[in-house]
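Take a look at the structures listed below.
Both complexes shown next keep subunit A, but they swap its partner, so subunit B is in the first and subunit C is in the second.
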Partner chain A sequence: MNPLLAQFLAEAADLLTQVDEGLLQLERDPGDPELVNEVFRAAHTFKGSSGLFDFPELTRLTHAAEDLLDAVRGGRLALDSGMTDDLLAAFDLIRGWLAHVTAHEQLPASAGADAAGLITKLRAPLGGEPAAAADATPARSGASTIDAAPDWLDQFDAEWLEETASWLVTTSATMRFVRYTPDEGCFFRAEDPLHLISQVPALAKLGLVQPAAWPPPADFDEYQCLIGFVLATRAAVGELNYLFRYVPDQIETVELDGTAIRRHLAGEAPATPVEEQMAHVAEAVAGNLELARDAYDILAAAQRSLNVDTPSGPRLAAVAHSVSAAAAALGMPVEAGEPDLESLTARVSTLLDSAPPPPEEPVAPPPPPPMAAADRGRADDPGGQVGTRILKVDQEKVDHLMELVGELNVAKNGLTFLADAAEEEFGSRVLGRRIKDQYSGLHRIAEELQAAVMDVRMLPLSVAFSRFPRLIRDLSRRLGKSVELVTEGEDTMADKDVIEALGDPLVHLVRNSLDHGIEASPADRVAAGKPAAATVTLTAVADGDAVIVEIADDGRGIDPDKVKRKAYEKGLISEEELEAMGDTDAVDLVFRPGFSTADQVSDLSGRGVGMDAVRASVEKLGGTVTMRSQLGRGTSTRLRLPLSMAVTQVMVISVAGQRFGIPVDLVVETVRVHAAEIGRVLHQEVVVLRDEVVPVVDLARALDMPWTPDPAADRAILIVSLHGQRVGLLVEQFHREVDVILKPMEGLLAYADEFSGTALLGDGLVLLVLNMKEVLNLAARAQ
Partner chain B sequence: MPLELNETTATLSGVVTVDEVEPLAAWLRITDKPKVNLRRCNHLHTGALQALLLFQPRITSSPTDAFLATQVLPLLRGSSGGPVLPESEPP
Partner chain C sequence: MTEKRPKVLVVDDAATVRLYHTTLLTGAGFEVSEAANGLEAVEAALNTAFDLFVIDVNMPKMNGYTCVETLRSATVGTPAPIVMISTEDSRGDADRAYAAGANLYLVKPVDKDRLARVARMLTAGVAA
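Let's look at the complex of A and B:
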């Protein structure tokens, strides 16, 4: 792929996130000019960079979004949730396109059609000036509509204009007139306007737009473009749009026929050129029923909005604005005044009654276009991003680096064995010590290297949290609940693999909270004495070498009795368990496979695969899930995850002569007890430790390895904790703890669930790391 | 070399790029009654055109390039008002 395009795609992802976040915040706090500016700038940058590539639909769509945002920024429009929806939809569409571009380096074939609808929607709130908008949009459809003659036509030689007009009238032909106002700094971007113009096909006439006043020669800056051009051509609008595709905001294109030019020439002489020109615009409007129809649609939409939403404040002002603009377009200008709901409603109905669609005689012009000036200002906008000193590196490279660090660790560990060999086999203590010295130096460097690489892989939790504002907004709207999201500790760091793997479980938990946790309607909440808007809190805190993520809601909580009954009905627990189970254990039942408390299954969550899938995926990461709930007060789910999955600390033990690894996280303690202290309860061997009965599993038997312990020796028992329960493992011998890079079981061994993976030890031995949950299941089955 | 600067005459030839704008403007600034020969000029950078428009040198011979001759030269002539030698008009 073209490196420029690759960089654009990388940047685009950031920009899209920025726009998404900004829009959501903006919807909550519509008045914040800083926020509007931020979103606008992101959209503007997007449009600018997209122009570098041949994606005209992308540029057009971002341009439309940018125009809307510009209107919001200028205070001409108030952003409402409808507009936000459209804007979000536009950027969602762009996201989809970019995914396609990433794969195929071109936009999907349907891009044009998809964009057209959205562009219309985005432009609708700006509907007050549809003609202006169309003029300012160079990429409008090539329909042969005759535009109003703009006043910059004066830049052409009058005599030539007269001749051309006669010719065009005679031949009933049209010509395209372009005004090109290059940006002052365009030379620095290697633009040469004159060169561009020299490429215009069938150029009929070139005119010059001189600056209002030339600077004195001494102050003249030759690198500042002060001049502009007007040109007349027989080239089609499409050709012009293509040619000027990189500077669409600097050109203005109109299509004129002889009559329009003559009118312009005639209108120039009297002292009222503006009115004359307006009349021409009206003429153009008359020929353009579409505009009138648009205006009528806007009025109808305004009426609906007034009847349904009863808007107020800035929203009402926006409606009033579009109504008066539409009225003006229909030829029935209304006096601008302080809008209030009733008078506006009345006005809209009067207008609709008196203007049957399609209207017959639209007379008055739309307001004169202020767009050109705005565009000029925007071109100078320092909206570009200040480059940050951040290196973007492909994830695979970092992963590879991590692997190499792992290999280095293994190779390094080999030195200790070499030192032992030097001492024992070759009898050189000195050499053995020197090798150990070397080892310790190497060890320090390897540790630091590993820490550095791990640090590179660290991402803030905000990456995992970033999708939730949007998710919660969408879900709460769909469910008709009012939900506030609070996130805390987004800057807590964790390994990228953890963050990535965290995404799905979190989405599931948040969905569950919204769907089941929070009361069905705000009224229920108020009745329960809680604020109408529910709060969902996402918290992340670092806890040693783990990170704890908590999802809490202040909803109705889990009813332990209901959960127990349900579990009993579904046959998940026995009758005795039903009687004996405490509330905490009852809440934990929701994690059992096949459990779903929702009375009816919704499309959001509650397909009965919910919480057990969450627990399974978190445990796969080496983490744990616990849930606490207070009936009527809310539920909180706590995920505890290792900071990094790349390096696992395991404790090496041996059973029947073979070594195995057990994740250190699970290990509680190692004890040696006398053989006589191991008792039996029913079929289960147990040991009593500090007044607690701990079942003991003979690991050798569970793994089907023949081994008879020496009856005289003490028993080595490793106490592990799994799901809060302690289990003792009878092993042969304890060894040291090692850091290993765990490789999953593959190929022929992939079926072996009792092992979570293999690791290579420094002496070349392959260590099998046990998956304790499965091993205990095996042991249970063996009895 | 697209730009040859003499005491009173500048000869522009080939493609005049943005690199030639600065020396050309500097020359025009210090030269009294400058003259510019455009005959062999194929393209004029916008910056160069702008400099010619501001300092209004006398165009001693018009370009043979069709676009420059038919579209750009009239702009220069229109603003400077200086006569162009008749024999240099393209057919």
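Let's look at the complex of A and C:
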């Protein structure tokens, strides 16, 4: 993609977000003139930039939206929710188009038809589409005049030309034809014709131009470029000029419509365009038509400047300067020096009289004359990057960099094993220590490198939050509820993978809040002594290596008794559990698979995804979900996610001689107790820690691995916390904590739920990392 | 070969438009600097003597007219030619631009060859 289009797409995304956010705010606060101005400006800037490309439908639709906003800005119209809907729909459509442009570098074929209805709607409050304005904008971008068909058009396949001509005639579109004749010596100037050709956007046809006769093999010089290209494209002239900016003198571009092509195919002489005839005349007079017109414009502007006001100081000097410049260009130089106002005014009128106005606007520029300065540009043009300080990098490249960092970590960890080996196997303690020294230096650099790469991948949470103002607006309208969204901590940063993966669970939770959490109607809320409008708060805070996202509403809250009864009816809990269960545990029941509190599956959240799916997807990211609720006061759901998913810290333990990893996030502490301290309650082994009874699970038995602990030795117990519950894991031995890159299990092994993935250790050992939730399920079944 | 290239300041809030103008003016032999709004432009002009300004009309913070007025005021006082570029094709807007101190008013989208030509014409004395 050419850099200009890439820049446009990036900028467009920001502007469209601004427009959306502004419109939503405006709906709440319709009287805010500054807000209207912001939205208008964003739409206006977007339209201005879109005009640089050949996307007439895009410009037309934006123009209609901008006109409506302008009327609102000028106080001629009051924005109502119907207009807001239309505006949002228009910018949604545009967003869809831009996604298409990103992939195909052109608008979807249906763009014109899709836009037509919306344009009519947008223009309706303004009293319908003004006949002139309707065409004014597209006409400007499409105003490019049809050139005469050049003889090299024969280089294209006649049948294809015929087909193209009929298509162009039916769509009244035009196509640009380019002949590129690279210099024979172009390779010595580091030009790469083939590469240039491969960059042409929206390429419709490419042909090779070969020399009439190839030189005999003996004289053949492979460093000479003897071939050329002809190509047809729908790309805009601006794009082509930009692409070929270093070789303008080797390029011929014409723009043809269907009729011109047909005339060429029929062998008719092209109608000599009027402007060409006039150009000849003008050339005779002033040397160059465009120069003359520009100079004339500058003189006219100078006269206008002198008329509208009485310039002095720098303004007068600038007018004098522009007058001399224009006069020089017309071949009528005036003496230098600072003239006074009067003599300058006189000079301008003399000049304007002696230089009759060249033909006005309709005179289209003939195929762009090569810019004289372009050759110079080749040598020292810094590539048009002046002022650009932000580097855009493909996500894949960053991902690849991250993988390499991971591999570097693994290789680095290998050094510690080497140090151990040096000491134990080769008996050299000195060498062992030196390796360790080397390791710590490498470790520091690797850590910094990792932090730097992770930093590149960080995005603010606002990326994940940005869709909610719109979602809440649409949902609350549909439900007939009045809901305010408050977001806090949008600047909190997290890894892009985390942000991306956070989207769906968040949407589900917000939907749940609106659908079930908030009272059925504002009247119900008022009756409960609350403000009529409900509030949903999205908060993000960083907490060490984790980010905490909380979704809170001030709705009716969860009734623990109702939840328990429901769970019992659905057979999720037994009668004893029903009796004994506390309120906190009851609320947690909503996360059980197969649980849904809504009596009827609703249109909004009943999409086959329950809270169990939310918990599962968050846990897959290495995070946790907890919910707190107060009956009548509201519910808050708290997601705790690692800042980055790329690197996982695991604690290595061994059972029955085999090593396993357990995510450090889950680990509370490691304890050693006498074998006798492990007691038994019913079928469950337990240990009492600081007056708390903690169930103990024999990891070896859960994993079905034979192991008999030494009866005399202390027991090693790893205390983990899962969903707020503490569980002790009986293991053989604790090892160190390591940073690993977790790879998910693939193929048949993907069904082994008890493992969340594998990681490569520095000594080449593959470490299986346990999925604690499933392991505990296994343990429960084994009992 | 070192040659003095005319310095131009491109002022526009749209990054795409800036890139477009910068690219084509760089190609036309200019040394281009950029500013994203009127305030930045004034700041840049206080530090550098530009030979030409290309300024958008509709910008946040400080719009194009105010920017031009400030550039011509005693604070900056630049005598360099100013080309204003706008989406509004109206006589009133053009007059407002001239009254503020602009020397040419062009309507978007500006033909790239035209902008390059005008820019070179207005700085002809510098590049020599």
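Simple rule for what comes next: the second predicted complex is superposed on the first by the 503 of 783 C-alpha atoms of A that agree within 3 Å, B and C clash if a C-alpha of one lies under 4 Å from a C-alpha of the other, contacts with A are read in each partner's own complex, and residues count from 1 in each chain.
Criterion: a contact is a pair of C-beta atoms (placed from the backbone, for glycine too) under 8 Å apart; a residue touches a chain by one contact, two chains touch by 3 or more.
What you are looking at is a predicted structure, and each value in this text was computed from that prediction instead of being measured.
**Q** With both complexes overlaid on chain A, does A:Cys225 touch subunit B (first), subunit C (second), both or neither?
**A** A:Cys225 sits against subunit B, while subunit C stays out of touch.
**Q** Check whether subunit B or subunit C contacts more residues of subunit A in the superposed model.
**A** C
**Q** Based on the superposed arrangement, let me know which partner A:Phe426 touches: subunit B (first), subunit C (second), both, or neither?
**A** In the superposition, A:Phe426 contacts neither subunit B nor subunit C.
**Q** Pick one for A:Gln7: touches subunit B only (first), subunit C only (second), both, or neither.
**A** It touches subunit C, and subunit B stays clear.
**Q** Tell me the contact category for A:Trp167 with respect to subunit B and subunit C: first, second, both or neither.
**A** neither
**Q** Return first, second, both or neither, reflecting whether A:Pro182 touches subunit B, subunit C, both chains, or no partner chain.
**A** first
**Q** Hey, which residues of subunit B end up touching subunit A in the complex?
**A** By the definition above, subunit B touches subunit A via 18, 21-22, 24-25, 29, 43-47, 49-51, 53-55, 67, 71-72, 74-75, 78-79.
**Q** Subunit B touches which residues of subunit A in the complex?
**A** By the definition above, subunit A touches subunit B via 182, 187, 190, 192-195, 197-198, 203, 205-208, 210, 214, 217-218, 220, 222-223, 225-227.
**Q** Help me check something: in the complex, which residues belonging to subunit A touch subunit C?
**A** 3-4, 7-8, 10-11, 41, 44-45, 47-49, 51-52, 140-141, 238, 241-242, 245, 290-291, 294-295, 297-298, 301-302, 304-305, 308-309, 311, 313-315, 317-319, 321-322, 324-326, 328-329, 365, 368-369, 371, 373-374, 376-377, 381-382, 384, 386-388
**Q** Mind pulling up the subunit C residues that touch subunit A in the complex?
**A** Residue list for subunit C touching subunit A: 13-20, 22-24, 26-29, 32-34, 56, 58, 60, 71-72, 74, 76-82, 87, 94-95, 98-99, 101-105, 108-109, 111-114, 116-118, 120-125.
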